[in-house]
Each structure stands twice: as structure tokens, then as C-alpha cells.
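Same chain, two partners: chain A is paired with chain B first, then with chain C.
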Partner chain A sequence: MFEFLIHVSTMACLFGLLALSLNLQVGFAGLVNFGHIALFGCGTYGAAIAFANQWGPVAGLLLGGAAAALLALAFARLGRNLGADYWGIATLSIAEILRTFATNEQWLTGGAQGIHGLPMLFGSLPAPWGPLATLGLCAVLLAVCWALCQRLVNGRYGLALKLLREEPQLASSLGYDLAALRRTPLVISGLIAAVAGFLFAHYTTFVGPDQLYSAETFLIWSMLIVGGLGNNLGAVAGAFLMQFLLAYVPFVKDALGLPSEFVAAMRLTLVGGGLLAFLLWRTQGLIPERIGGRHA
Partner chain B sequence: MISSIKKISFTLAMTLLCGTYVSSAQAEPVSIGAVIPLSGASATIGADQLRGIEIATEEVNAKGGVLGQPLKVIVEDSGGRPPSALDAARKLVTVNNVPLVIGEYSSGNTLPIGQYLVQQKRIHLNPASTSGLLRDLGEGHFSLVGLDHVTTKFAADDIMAQGWRKAVIIAPNNAFGQGVIEQFTKHFKAAGGQVLASIAYPEGQTTYRRELQQLAQAKPDVFVYSAYSREGAVINREASELGLNETPWYGYLLSMSTADSDPKTKQGQYGLEVNYIGPNGGAYQDAYKKKYGEDFRTTWNGYTYDAVKIAAAAINKAGSTDPAAIGAALKELGKGYEGATGQITFDANRMRDSQPYLKMKVDNGKLVLR
Partner chain C sequence: MIDVSNVRAGYGDGADILNGISLHAAGGEIVTILGPNGCGKSTLLKCIAGFLAPRAGTVAIDGEDVGAVPVHRKVRGYGVGFVPQTDNVFATLSVSENIRLGARHLPRAEREGRFDALMRQYPTLAAKQNRKASALSGGERQILSLVRALIAGPKILLLDEPSAGLSPLMMHEVFDAIAGIRDDTGMCIVMVEQNAFEALGIADRAYVLTLGTVAMEGRARDLLADPSMRELYLGGSVAG
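Here is the complex of A and B:
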């Protein structure tokens, strides 16, 4: 049970990173990104391609980060002339194009079969210590990224981001460079997502295009909506709650002697129904955004 | 809101505690695990895999179970996504402490859980994935399904024997399809044939006219194809509309490829099929029909059935639930085990090295031996 708890916590930390990075875009800057999973994919494929070519994990991290930063810049460039909703659709299609690319370019990505056998981080440590060290690393990174996001969104810069979200024209008239205001949070959140992807790839030891379905983006979205858009603590809380609920549904099945189909149905109900419930009755999420924060 | 969440989690915790208490009071069954996609894109196949598991478990328990105890297969949903599949495998190992896990369907999920299980020194039985990468997983991994190099070689030889020398191939653009195209091309060339063109088609399209026309331009002796039933129906319909069915068609896993097709559009197709009609296969087919009131829904239930049966046999043979002992027993059994999917033999890498296939053709909407 203890080991399983470590595993679920590790996954929760990774999804916490993804939720934080999406929150920076959607929650604060109002950038409705439906292709977030592609930034994560840059991280996983960076790790996998570096592994396949024996460049070592550090190169993998750098490669993933560089790819994610470039993709984020492309997203930002794309956003210049598009309304928020159209931009969202464009990001979704870019993510799908990249997934199709990963499925087909076998020489680079291993195609649909993916790349497997990546080394586990701390794989050489004995039983409880390896997973514990991985969890420790993920938790520290989550804390660092959380602090970074907090610093970004509190204070003048955060206010500018929120102004971009609420009244882009007003922001423009006040002399803010909207393009730059979009670019920076996108690149930072892209880097965070790439770090999550890199850790995920080395944790599951397998990278393939099936990990990049748009359904994963929407799972992160539901974590945000449940936790609270525009609140970093809310984003992390939403990710932990969802991850733990999804992972512990099978235990309810075991305890009550229910058939296995129950787990499948219950997971769908939890994500879909939970999302609907929050959208209907608690739109601000578990931990709502603080309007007029400390520095306002 | 917060307080109601507290209430719910308290109730959940209590149910968990009570549940554990109740189950420990009963006779301890011998448990093994299974991870299959009961939700997500492959949910239909997962549901069919579950049927195979159910029939096998009933049969094992009707004959006295394993080690004098009832056999229990703890089935977990993979959701068709790697993170959930890994959650499921880790739960089975660290919480239920099962010595053996059967799973999954898609190679993208089978590979990571296989790697994890091997690392944990448990036994992993692969009942569906055909990716050649499984070969490298290491001690503890057993594949019950012939990897694609076995099946494609059979197909290549069969097609050469018909006198067709120039082939084109179309298969789904996923791990299965890409493996089939790559391996078939290799074996067909080695046998002296030519693959003029190959296309991996995206699943779920409403039309494959463009792909078919592109293949037709190569003027092949034979169209080789493999498709899931829904796409197979579209491909066969459009091929006959384009008049391409005047050229021979060869279905790789013919029953899967033609299940939903209009009889007129698939008339006369050749193909290969996994042999269910072995000495034990017939009885299994009857049991499936009797329990679920229909023919096999997919080709994958037989493998999970065999997986549970061979696992039970191995535990009995080993006389314990120690994974290493079960592994040794599996290797012994794998010298010639009569399963529902034919005789199972493992090579040095614990991969099923041969599989009896049937040479079939479609006649009046039905699959017949040729």
C-alpha cells in the first residue's frame, strides 16, 4: 500500500506540474490552450530521442525544453491575430498535427510503437529508496514551479496578465505589449510542461504517440476547473484530487465486490460528472481565485 | 462543500476498512491480476478480453481451482492510457501482491507495464500485443500471441503459394498496423515477392477512397489488408465501388477484417485466421457462444482465456505462488501446451514462436477453409 501511495503521489506531482503550467496560460493570461499536451509531448519525446541516440538524460531535458519553448513561441505567434476561441482551436489542431507526426516519422520517434526502455531515474537505488527519491525530486520541482508561478502572478506582472485576460484592448491602450505578454507565460509554462514530460518519460520508461491524445489535455483542464482556475494552489489541489480519485476507484470496487466494469464507468463518471458538477454549482473551483490579491 | 467531501471520504474509508475485514474472514483465494482496457478507445476489445477471463476462471474453479483454493482474477481497467495502466499494474503488485499479471491490449500500454512487472520480478503474460519490442523485456515476460513476425511470414508464404508476386499492403496506422506492414514487407521480399506500395491508414475515417486509388495505381497482383471491422467494411465497400475487387484481396486476420462487411463486397477474399478449431478450441468456442449468446466478438478473447488457463496450470505445477517457480513452470508448460488458440510453445525469449493459422476464404458471406 505504501509503495502504491508513493506511485500515486509521484503521478499527482507530475500532473500538478502540468496543471500549474496550464493554469498560468488559462487561469491568469486567459490563453485558452487546448493543445497543452503537445508541450508535455516535447518533454517526453526529448527524453526518448536523446535516449534512442544515446545522448544522455541531460541532453534529453535540454532538447525537450528547447522544443517546448519553440512550440510555445509558435503558439504565441499564432495568437497574435486570432480571437481567444479561435486560438484555442488552432492550438488543438497543432497538437493533433504533432501527434500525427510522432505516429508517422518512424525514423525519429519510433512511430506508433514508440520508444521504450528509458532508464528509471534513481533506478539503481534499492526498493523503497528509488521511488522515494523520484517522488522527492518531483515534489521539489513542483514546489519550485509553484513558487515561480506565485512570483509571476503576484505583483505588477500578474496584474498585467490578468488585464490581458479581462480587457486586452485596455491593456494595449495602457501601453502593454500584448504579444510579449502572451509570449512569456507561454514559454515559461511550456518549459514546466516539458520538465513534467521528461520526468514522466523516465518514470514510465515508455514514450509513444498514444500518450498525446487531446483527451489528456482535457483531463488537465478538468483538474483546473475542479481545483480553481486562476489559483496556483487550486490547480495543484485539483490535480492531486483527480489523480488520487482515479487511482483509488479500484479499491472501492475491491471492497464492495463490484465488477471490474464499475471502475471504467466510475472513472468516466468522476471526470465527466465531477466536471459538470463544478461547472454548474461551483464555477470558481475548490480554491477560488483571489480577486485583488496582496499586492493590489 | 468541504465538509460534505470530508463526510464522503470518511464513508469511503470506512467501507474500505470493512471490506478488507470481510474479505480476510473468508477462505483466501489464490489471486492473479489482469490489466485490460475496459474504458477508452479499445473498450470493446477489453470487454471481450474480459469474457475470455471469465470463462477460464469458471472452468478452473469448476475443476477444483488452484492449489486447492479458488482462483481469483483481479481485473483492473487500464483506461487505454499508459498512466492508468501503470496505476493498475502497480496496484496489483504493491497492494494485492499478485505473482502474475495478464495484460494489456495496445503495445503502448503493454510495454510499460511489462517493464515494471519484470523489474518487480513478477510474471507478465501478454495476451494481445504484437510489437517486436516485447522480445527485449526480459526474464518474467511471456507472450501468448505470436508476434507479428510469425504471422506475417505465414501470410507471405501463403500469398507466394497463390502465385501472386506483386503486392500492395494497407493496415491501420497504429503499433499493430505499422508492425504488420514492416514485417510483411520484409518476409514477402525474402520470399521473392515485391511490395509495390504500402499505406498505414488513419483509423476512424469515413472514406478510404484516396488510399485505395493510390494503391491501385501500382497495379498489384494482390491487395493485402488488415482492418478493424468497421474500417474493413468501408474499405471493402469502396474497393468494390472502384472495381478493385477484380484483383485478389488477402485479409490478414480475415474474420476481424471482414466482420462488418457487406457479403457482396468481400466475396472470394482470401486470408489467414488464427486457429480456434484445435482440440480445445472447439469446446471453448461452444462455451463462449453458450455464455454470451453470440459468436466471438473479436479475436482477442481466446488469448486471455489461454492466459488464465496456462497461469492456473503453471501455479498448480509449481505448487506455489512464488513468481520464479511459476516462471519455471511456464517454461516447462510452454514446450507444448494445448490452448484454445492452438498449441502454445515458447522460444528462448519466452515468446510464442509458432501459431497454427488457417488458410481461409470468404464464400457467400462466411469464412470457409480453402
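Here is the complex of A and C:
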């Protein structure tokens, strides 16, 4: 049970990172990204490809980060020519193309089987300490990224992002460079997602295309919406809440003696139903967005 | 100051909305752009401001071709102030926050100096400076968006339908403010308007657009007396 708790907490931290990074785009820059999981995938495959070629984990982290930054810049570039809704669809398509690429380019990505056997980050430590150290690292990184996001969205830069979201035309007529304003959060968001992917790859020791389904993007979206779009603490809270809820679905199944298909169905229902309920009844999420210390 | 010549422009890969328009505006004058709904007035203004690059022809400021300069650089580097037709205040910010945004690239002392001067000049706005912009009336919002453009100290002011949605009384208040800006500062003001006769009342010169071309141009006084203007605006046909 203790190990399970550590596992769920670690996953919650990783998803917390993903929720934070998506929140930077959706909640603060007004960028409706449906392909977020691809940025995470840059991190997982960076780690896996570096491992397969024996370049070492540092190279894996750098590779993943560089790929995510490039992908984020490509997303930003697309955004210059597309309206917000079309951009969302375009990001979704790009994520799907990259997943297909990962499935088919066996020589690079191990194809549908993926790449197995990545080393655990603290694999040399004895039983409870390895996973605990991983959890500690994930938690520290989550705290650091949270602080980074807080710094970014408070003060002048955050105000600029808010104005950009509220009245883009007016913001540019006040001298804000919209393209640059969108680029920065996208790249930082991509880097955070890549860090999460890197940690995830070395935690589960396996990287494959099945980890990059768009359903994962929507899971992160649901965490954001439950936690409150545009609030960093809310994003993390939403990730923890969803992760713990989903982790305990199997126990509910056992307690009620339900069939095991129930688990998969229940996860989907929880994500979809929870999202719907929150959208209908609490459009602000658990912790609403704050601007300048006041509730907006 | 502004020279637009033979400009063609449109959105995305759509058809041309402006079909070869030429316009000139000098410092110290109000030039108003009139014409029926959808004829391309806002498009022309956006083209001058830099939201839209001309497909052909040139937009020049003080003789320099600035057709490809995007709006954020025109605002900071070329002394252009632009007030959009709708959504021209940040509703969730206070009045004073809105105004200060207009001068955020200036040093603090200069910004505060101008802010105080403008507050003395527009006392009704000053009285509400701590309110949210969403709590202002339509006329107050227009004044706010004007003041926010003024705090940057522009040479050129581009206004898109400053009287849209205002009562006649408020419209006159806004127009008086605009005429006052011209008289006090000698700025070059280009103003798109629906309320043709009231706009001609404060303008020096005017251009009347129909379907992306200039149908009439001249001194405001002459156009006011022109019978075809009356026909165009008081039940006449657009073809004029």
C-alpha cells in the first residue's frame, strides 16, 4: 500500500508538471493546444533514443528538451497563420502525425513495441529508497516549475498575456508583439512537458507510442478544467485529484465485485463526466484565476 | 504625414476589399473616412495601422514606406496611436491601469507626468480612475481609449468609429474632445465614421468610400454642402 501510494504520488507529480505546462498555454496565453502530449513525447523519446544509443541520460534530457523547444516553435509558427480554433485542430493533427511517426519509424523509435529497459533514475538504491528518491526529485521539480510559472504569470509578463487573451487586437495596438508573447510561454511549456516526459520514461523504464494518444492530452485538459484554468496551484491540485481518483477506481471495482472492463470504462467516464460537470457548474474550476490579487 | 497610394488589400486569400485607394492626411488636420457599412473603412484603417499589409500600393509615413511594418512596431517606433472600433478598453482593468498601459514603454517619471497632465485635462475620467473600465458608460469608454492612445504622445491618431453606439449628446462630447486634441497638439487624425454629418462638422477633409474605392473626396465644408452627399446619406443609393 505504501509503495502504491508512492507510485500514485509520483504519477501525480508528473501529471502536475504536465498540467502546469498546459496551463501556461491555455490558461495564460489563451492557446488552445490539443496536441500537448506531443511535447511530453519529445521528452520520453529523447530519453529513450539517448538510452538506445547509449548517450547517457543527460544527453536524453537535452535531446528531449531541444525537440520540445523546436516543436513548440513550430506550433507558434503555425499560430501566426491560423485562428485559435483552427490552431487547436492543427496541434491535434501534429500530435497524431508524430505518434504515427513514432509507431512506424522502427529504426529510431523501436516502432509499436517502443523502447524498453531504460534505467530507473535511482535504481541503485535499495527497495523503498529508489522510488522515494524519484518521488522526491519529481516533487522538487514540480515545486521549481510551479515557482517558475508563478514568476512568469505574475507581474508585467503575466499582465501582457492576460491582455493578449482578452483583446488581442487592442493589445497589439498598444505595442505588444503578439507573436513573441505567444512564443515564450509555448517554449517554456514545451520544456516543462519534456522534463515530465524524461522523468516518466526513466520511471516506467518503457517508452512507446501508446503513451501519446490524444486521450492523454484530454486527461491533462480535464485536470486543468477541474483545477481551474489560469491558476497554477489549481492545475497541480487538479492533477493530484484526478490522479488519485483514477488510481482508486480499481479498488472500488474490487469492493463492489464489478468486472475488470469496468475500470477502463470508469476512467473514461470519470474524465468525461467530471469535465462536463465542472464545465456546467463551476466554470472557474476548484481554484479560480486571480489577477492582481483580486478574483477576476 | 500619411500617404496611402493605390492600395489593394484583403484578408487571408480572400478577394481584395480595398481596390486601389489613395489617401493623404497631414499634421493638424482631421481626415474622416465615410461610407456605407462593409465598404472597407475599417480595413483601410487597419492597413494604415499595420494589422494588414497592402497587397499592392504603398502606405507611407513621413515619406517612408511602412506597408510591411506590423502594428506593434508602428505604435512604438512611428508614433501611431490606434483605437479599434469595438472592444477598445480592457474591461477587467481599472481606468488608470488602462491609461498607463498606453505608455508602458516610457520611463516611469515621464509616464506619471503625462498621466497627471491628462487627468487634469479630462476631470470626469479622473474622477473614475479607480473604477473598472467595465463600469464606464459608452462615451466614457471612448474617452478612455482616446486618453490611453494620447499618453504615448503619438503623432498620428487612427480612430475607428469613435461615436459608435453613443447617444447624440455623448457623441458631441467625444467629437469635441477629438477636435480639441487636433487644436491643442497638431496631431494628424484619421477618423472612420458612420455619423457622416456630425463627423464632417469637426473634420477638415473627408473621403467617401464605396466598395473599396474612393467615391468622393474633398474639404469637409464642401462635402457638407454637396447635394450628392445628402442623397447618399439621407435615403440615397450607395452607388451615389
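A few notes on this one:
Note that in this section the second predicted complex is superposed on the first by the 290 of 296 C-alpha atoms of A that agree within 3 Å, B and C clash if a C-alpha of one lies under 4 Å from a C-alpha of the other, contacts with A are read in each partner's own complex, and residues count from 1 in each chain.
Basically, a contact is a pair of C-beta atoms (placed from the backbone, for glycine too) under 8 Å apart; a residue touches a chain by one contact, two chains touch by 3 or more.
Predicted, not measured: the structure shown is a model, and the values here were computed from it.
Counting the residues of chain A touched by each of chain B and chain C gives the higher count for B. Touch criterion not met for A:44: it reaches neither chain B nor chain C. Contacts of A:172 after superposition on the shared chain: chain C is touched, whereas chain B is not.
Using the contact criterion defined above for the overlaid structures, shared-chain residue A:11 touches chain B, although it does not reach chain C. Of the two partner chains, neither chain B nor chain C is touched by A:109.
Look at A:163: by the touch rule set out above, it reaches chain C but stays clear of chain B. Once the two complexes are overlaid on the shared chain, A:189 sits clear of chain B and of chain C alike. Looking at chain A, you'll find no residue that touches chain B in one structure and chain C in the other.
By the touch criterion given at the top, residues 1-4, 7-8, 11, 100, 103-104, 106, 111-114, 116-117, 120, 204-206, 208-211, 213, 215-216, 246-247, 250-252, 254-257, 260-261, 263-265, 267-268, 282, 286 of chain A touch chain B in their complex.
Looking at the complex, you find that chain B touches chain A at residues 1, 12, 15-16, 18-20, 23, 38-39, 43, 46-47, 50, 74-77, 79-84, 86-88, 90-91, 94-96, 106-109, 111-112, 115-116, 119, 131-133, 136, 173-175, 177-179, 200, 202.
By the touch criterion given at the top, residues 49, 51, 70-73, 75-76, 82-84, 87-92, 101-102, 104-105, 148, 152 of chain C touch chain A in their complex.
Per the touch definition, chain A reaches chain C in the complex via residues 156, 162-163, 166-167, 169-170, 172-178, 291, 296.
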